[in-house]
Amino acid sequence: MITRFLIQGMDKRGLVFLCLIAAIAVLVPLANLLLPPGSLFHVPTSTMSLWGKYLCYALLAISLDLVWGYCGILSLGHGAFFALGGYAMGMYLMRQIGSRGTYGNPILPDFMVFLNWSELPWYWYGFSSFPFAMLMVLAVPGLLAFVFGWFAFRSRVTGVYLSIITQALTYALLLAFFRNDMGFGGNNGLTDFKDILGFNVQAQTTRAALFAMTCIMLIAGFLIARGIVVSKLGKVVIAIRDAESRTRFLGYRVDRFKLFVFTVSACMAGVAGALYVPQVGIINPSEFAPANSIETVIWVAVGGRGTLVGAALGAVVVNYAKTVFTSGFMAPYWLFALGALFVLVTLFMPKGILGTAQDWWSKRRKPEPVATAEPAPAE
Amino acid sequence: MTRLLRMIALILAVALSAGAARAQSADEAFTRLGADSFSDTNRAIELLIAGAHPQAAVIIEALAEGRLLAGGGAVVVKTKDGKLLDARTGAALASEPPGLNPVRLNNGVRRNIQAALGGLGLLNPDTAKRIAAAEAVFKSRDVSLLPVIETAISRETDTRAKAALRQAQAAILIAKTDAPPFDRLAAVDVLRERGDQDALATLRSLPGDASPALKDAQARAVADIEGKLALWRTVQNLWYGLSLGSVLLLAAIGLAITFGVMGVINMAHGEMVMLGAYTTFIVQEVIRARFPGLFDYSLAIALPLAFLVAGLVGIAIERGVIRFLYGRPLETLLATWGISLILQQAVRTAFGPTNREVGAPNFMSGAFELGGLAITWNRLWIIVFAALVFAALLAILKLTPIGLQMRAVTQNRRMASAMGIRTGRVDALTFGLGSGVAGLAGVALSQIDNVSPNLGQSYIIDSFMVVVFGGVGNLWGTLVGALTLGIANKLLEPYAGAVLGKIALLVFIILFIQKRPRGLFALKGRAVEA
Amino acid sequence: MSTALMSTSTPTLTSSLLYLDGVSVSFDGFKAIRGLSLVIAPGEMRAIIGPNGAGKTTMMDIITGKTRPDAGTVMFGGSVDLTRLDEAAIANLGIGRKFQKPTVFDFHTIEDNILLALKSKRTVRRTLFWKTANADQKRIDHILGVIKLGDARARLAGSLSHGQKQWLEIGMLLAQDPKLLLVDEPAAGMTDGETAETAVLLKEIARDHSVIVVEHDMGFIRELGVKVTVLHEGSVLAEGPLDQVSANERVVEVYLGR
Amino acid sequence: AAQETIKVGILHSLSGTMAISETTLKDVMLMLIEEQNKKGGVLGKKLEAVVVDPASNWPLFAEKARELIAKDKVSAVFGCWTSVSRKSVLPVFKELNSVLFYPVQYEGEESERNVFYTGAAPNQQAIPAVDYLAKEEKVQRWVLAGTDYVYPRTTNKILEAYLKSKGVPAEDIMINYTPFGHSDWQTIVSDIKKFGSAGKKTAVVSTINGDANVPFYKELGNQGIKATDIPVVAFSVGEEELAGIDTKPLLGHLAAWNYFQSVKTPENEAFIKQWKAYKKSDKAVTNDPMEAHVIGFAMWVKAVEKAKSTDPDKVIDALPGIEAPNLTGGISKMLPNHHITKPVLIGEIKADGQFDVVSKTGLVAGDAWSKELDGSKDLVGDWVEKKCGNFNVKTGKCGGA
Amino acid sequence: MLSVDAIDLHYGAAQALRRVSVAAEIGKVTCVMGRNGVGKTTLMRAIVGHQAISSGRISFSGEDISKLRSEDRARAGIAYVPQGREVFPLLSVKENLETGYAPLKRRDRYVPDELFDLFPVLKSMLGRRGGDLSGGQQQQLAIARALVTRPKLLVLDEPTEGIQPSVIKDIGRAIDYLRQKGDMAIVLVEQYFDFARDLADTMFVMDRGEVVLSGQMKDLDANQVQRLIQV
């Protein structure tokens, strides 16, 4: 049943995407590890970790597309789930440092030592165990999304109201995590990681493995998201997006459907965050910044809302553009370029890169009447 | 005038130099003034006063204003109109001696000067100065000034000045263990009457050896004042809340138009506010450079200009981008985010990344007391201004044909055009109005916040919260939302601290929206779903 | 009230499928429904007519849980209090509705619109692992045939004309296979021929379902040939066979016109 | 000719919230490099600046650092402002073994092999400032107001311990934290006013960061708190921040730094002239972190010349002991703990937005590890003898690793 | 007055109108009939300017208006009562009516009393929001709103849909009254044959995007028309 669920109605686009990521997952680490640095096909470690980061963002974008593109929930707080997953992973990595921290305290992380904490807060317990930490990577964002969604969807908070309270959520978490008293390292966050599962996080092989893992998770996330959207549940969810109350009159418990999708999506975002942290080496409260979540929305819009593959594409394109623009002669003016990119995409590619390409493609093949109506706006 | 000052100095000399050696030579004072050391300068002031130097008042005043120059053994007073006088003699100098530098001040020296001038001021003919001087003594509680105060009280005719002097006297007496018990009891009453934070502090400083009766009186007075102060503190917090609310209102009200009425998720709203603030900066720059006399009117001049600048930029954005996006509100988020990045960077490129100085005109500087309430003028004006903007906007939207057309267009653009409404123009005007109002907010915010390229970013989230909390599309909701959030924030802050207070407020918003999923002033009924 | 032809049989709760008694609702002080009582027996088809603004749609809103009444009883199947349930629960009890203004899922194909309405378990798990069985597909095809949109099955519903959407709504109602159908102005925007067809269709449905139809088209009502309730200003003005009510002075005055 | 250059990375935010502070540091580095090239470069090669914009985004800092080192192959990087940006690039510098010069005052508690700290450690700023206030202003009551992040937290911890050790009772210390970018200071300023009216002389020690300062000072001015009543000494407010405020009401409030533009030394005057010419603006101001870069850059040049190589290992070994003139008339020296010696200056705000130096100490050696904190009082950083950043003198062992 | 000459119209790639020609005269009621989805509404949209035509020509009072924007057509005197009413949901009834002031001169900006004679319900509901009205009330509001602009051409798309019989008669009388007044042309889309037959002077019958039958009502064979609009 599960496999059927995962591969049902796979289309060409999805297949291409899957093959591509699978190929990257195998080839890039190999090219990094086996080929000599001089070789034409050698992938430098820095490039690999950069792309590892992009792919984490891609997973985050897919998770957002699932709720926004298909269910119409414009979450302006998805960064929070990403960051929570990241913190769960960060806590594990912190505990792995053991007594190798600067103060040599076997239990307390450095930031606690120099702020005179005497014992480990209870919520840090258990994070020295990898399975527990991984469970938390899923459970913490998932639970938060569940509780938050349970209230919000039951109260029928929709549209911008929902968007803004998700923003309030991430903003509140931002402020809370900034507080040093919370015990998560305040502004500096968690950093200076040493090992993951006994392997040095900095080591080239570990990086390669993390990269491959990111690809695998991206594939898994994509398959799950796809499985959901092509199933009948996916149709219900789209119906909810376009005419929520009508769906209710058909007997669907709209709140449960939304809650399900929202929670799954939050878990996916959490996994993305967890993979992100060991690759960039730091997790800090600025990941909770509302602007980050808005940016995630923008990746999805750029790539093409409601297309999954497009969301991933958007994340990679925008972040790649950022990487390119922030170096070289463009550096002082890169915001012009990025801003212009956003404006131009909206004006000339209203359905995002993928949506526009798809239209163009289908127009060339078989003309089909297109509805001019738009999905019910979120006000 | 000079004779009067000399006389005061004499009286002071008697008062201050009880134990000091009288026969210090004035020379030492002048040497010390040239030594470029704060402790020497302090000592020199003491010496000048103790020695009742005829030029003391002039020198000290010059020192306070940075007009006292010293160097190469000479000490020179520069008069306000730029003439040079020999400090010792007061004689005019023909040429400037070489190597002169202003005698430097630090807070210690400044305090000494203040005390000296304060002592000098107790008998100043200007009532305001006398009151200020009495206040200074109240704070310093300098026992040695008691006789001067008493002389002053006996001569005083102005009731307010007399009260101030009495309070100063009381402050000294409280701590003076050898004063007659009856006088000290009376002093407690005077302080109780005064009833502010300073009185409380003074009362608390009652020495431990006081008589039981005195202690009892003091305890009652303290309790009395504390009760009163607690009440005032609540009022004060409400006032702060009102003031924060008005700032939020100003920041959000433009958004209530572009987002609330038009449905454009306008992420560039903050940048419109920023443009308003920068317009103020430019206006002030021009005024500083060309028409310094107009400085007090700079904000009045900036207001229409900021409205125009932000409004025109808004219209340009609407015509250039937004108009292609109607019916696709989510895309407006993407485009306006892009625009906001561009505007930020444009301002950064044009004006540099650092803060720009926007000064406060005189009528907006300082504070006044209203009962136990300290009210700063700038906050008061901002509240008034916010109220005016709100009323004007409400009138435009509800009472004018263009307001009606704005609402019609945003509810059903196609049908509005079929009614003959020029939708394009209305859209541009509406967006321009919202942006222009944001520009106005920028003028006000430049008075209390940074004028930097990041200005807008710091308000955008709060603005959205306010509009949504109040209920999208309802101007009254925005008003009540802003005030509620402002006041709640300020009432929470003393207990929870700024950070936790803000978190609590955000959680409150989240919970509140569960109760009222369409904001405070939610529209209800069929019409909304249609 | 004039000499209204009140229903003679006293309504009984247990024998009825739908039972409304003393229902009132007001909006901002305006009383849209006042003391409305209505009983539908199992298997009954009832036509409801009445002036614009009489409260017909509002009554359906109350039954389907969209609007909560200020006062009164609304019972279904003799024991279920509808005022305590939400829309989805009421729909799952077997009450289906066609809206006055056709509302379909614009971004789904016509076929998917029907599929979504198709009677089935509405839980998250069931829909997630749903597989369209042969029987289901047959039923969808059948319904598409009935509403004459079989050729257009793959088109997005958003691109349909007004009248086609009306048909699609009827199709969705059929797919739901509810115990009670609430049909708000099914013939609006249809040609005379289609109106007649709709009447035939409804009569067929009414053989094993209870139906409440609201319509302003007297020809159509006559075609149905069932008991008619006339609403006026939120309460029942008259009830009985069409000929009887249309002879009623008040009904002519407020509704039919001369 | 491409091989003939030595590349120097500049890692300062040019956009986002930190651009306000960091952009000038980029400019000053470009100027220094240009100047050095006029003098013939280093080791006979020209220097080439590589500028990137990490956009006030911490993960981007790490990414850009990696790019500079791995892709552009820079010999050294000058950059970062906030602690967290430093923390986020640290692993990269360690992994790829390169050199970072960090020019900003910070909370200490760090000594890394690959990082050279040219800004002040807490003992080079906070403690002398408090000493000054206690001695010169006779302050007895203290408000420690800061933005809620690591630098203020640590600094305040250190100060609290220090003040208590000097006999200040707990009720005379008020500690207050506000979020980043806090803009409504009404309540806090009135609290400070209240705290200060208890009869004892009160001062505020401000570790308020960045943008929040302007509204804070504006509110102080409006509520009429004068420096003669309650002086404020700030550790993060320099000439640049003051450029955005009307300073008249702030006359006499203080700042503690290792450099002020108003210091009258020939070195400084030359530097200011050069800077104004470079910026083509007579209003251009200089500040402390700029001086730190000047010192750091000079030290790096000397070290490279001493090592006759830009190889990071050689440069790192060569740096301790290197001396370079600072702009306030002394010679700063790189210490084995990778911090430098600096004088501490206390300045009062003048009406023109400059500072009047009211106190100056001799050269103070930067402590990587604070003596006031329990966790770190036994630690020393010594990369010359012990080859260790956190050597515990009690146990005789090197921590970590 | 109005003449539509051989227009084509496409929705995306699908053609909705094929060489449709229709004409309407002042003081006359021109009726368009046809089954569901044959393009009646589309034709009306083309006339009021909500949908761009791909070829052909629409002229009004002798001028080519095919390229004009919808608001300019309204200003030229075309008023529209759309299918589905499209009243402004959040504006009060009064404000809904006042939106019709836009093309008027200042002195004409009032709601003529005769409107309230035609639709008395509206008078009692001036303060209620348009979206709260019942379907039939909204329909009446939509017609009244169109008349506020004092149009020269009134385009009505299925105005009787969802209206109670007595009001249908009223609307019929109103249309008749407007025709009698002789200062406007009326284009009426209708499905309800009896109603159309009573009112129409000229009749156009459409099928699949084309006009398949047209002529003076009195010349047409009612059975033929009915056959065309049957299934």
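Letters A, B, C, D and E mark the chains in the order given here, with residues in each chain numbered from 1 onward.
Please note the rule applied: a contact is a pair of C-beta atoms (placed from the backbone, for glycine too) under 8 Å apart; a residue touches a chain by one contact, two chains touch by 3 or more.
Quick caveat: nothing in here was measured; it's all calculated off a predicted structure.
Graph distance from chain B to chain E, where chains that touch are one step apart, equals 1. Following the contact convention of this document, A, E is the list of chains adjacent to both chain B and chain C.
Computed centre separation for the pair chain A/chain D is 35 angstrom, with centres defined by C-alpha atoms. Taking each chain's centre as the mean of its C-alpha atoms, chain A lies 45 Å from chain C. Taking each chain's centre as the average of its CA atoms, chain C and chain D sit 75 Å apart.
Distance between chain A and chain E, defined via averaged C-alpha coordinates, is recorded as 52 Å.
In chain D, the residues touching two or more other chains are 14-15, 148, 177, 179. Shown for chain C are the residues that touch two or more other chains, namely 27, 159. Shared interface positions of chain E, i.e. residues touching 2 or more other chains, are given as 11, 14, 132.
Within the complex formed with chain A, the residues of chain C that make contact are 64, 66, 86-88, 91-92, 96-97, 99, 103-108, 112, 115-117, 122-124, 127-130, 132, 155-159, 172, 176.
Taken in their complex, chain A has these residues touching chain D: 44-46, 49-50, 53, 100-105, 110-111, 113-116, 175, 178-180, 186-189, 191-193, 202, 280-282, 284, 286, 322-323, 326-327, 331-332, 334-335.
By the touch criterion given at the top, residues 14-17, 19-20, 23-24, 136-137, 148, 176-179, 181-184, 186-188, 190-191, 193-194, 197-199, 211, 214-215, 218-219, 221-224, 227-228, 231, 240-241, 243-246, 249, 252, 254, 348, 356, 358 of chain D touch chain B in their complex. The residues of chain A lying in touch with chain C in their complex are 1, 5, 228, 231-233, 235-236, 238-239, 241-243, 245-254, 256-257, 260, 369-373, 375. The part of chain E that touches chain B in the complex is made up of residues 48-50, 69-71, 74-75, 79-80, 82, 86, 88-91, 95, 98-103, 129-132, 145, 149.
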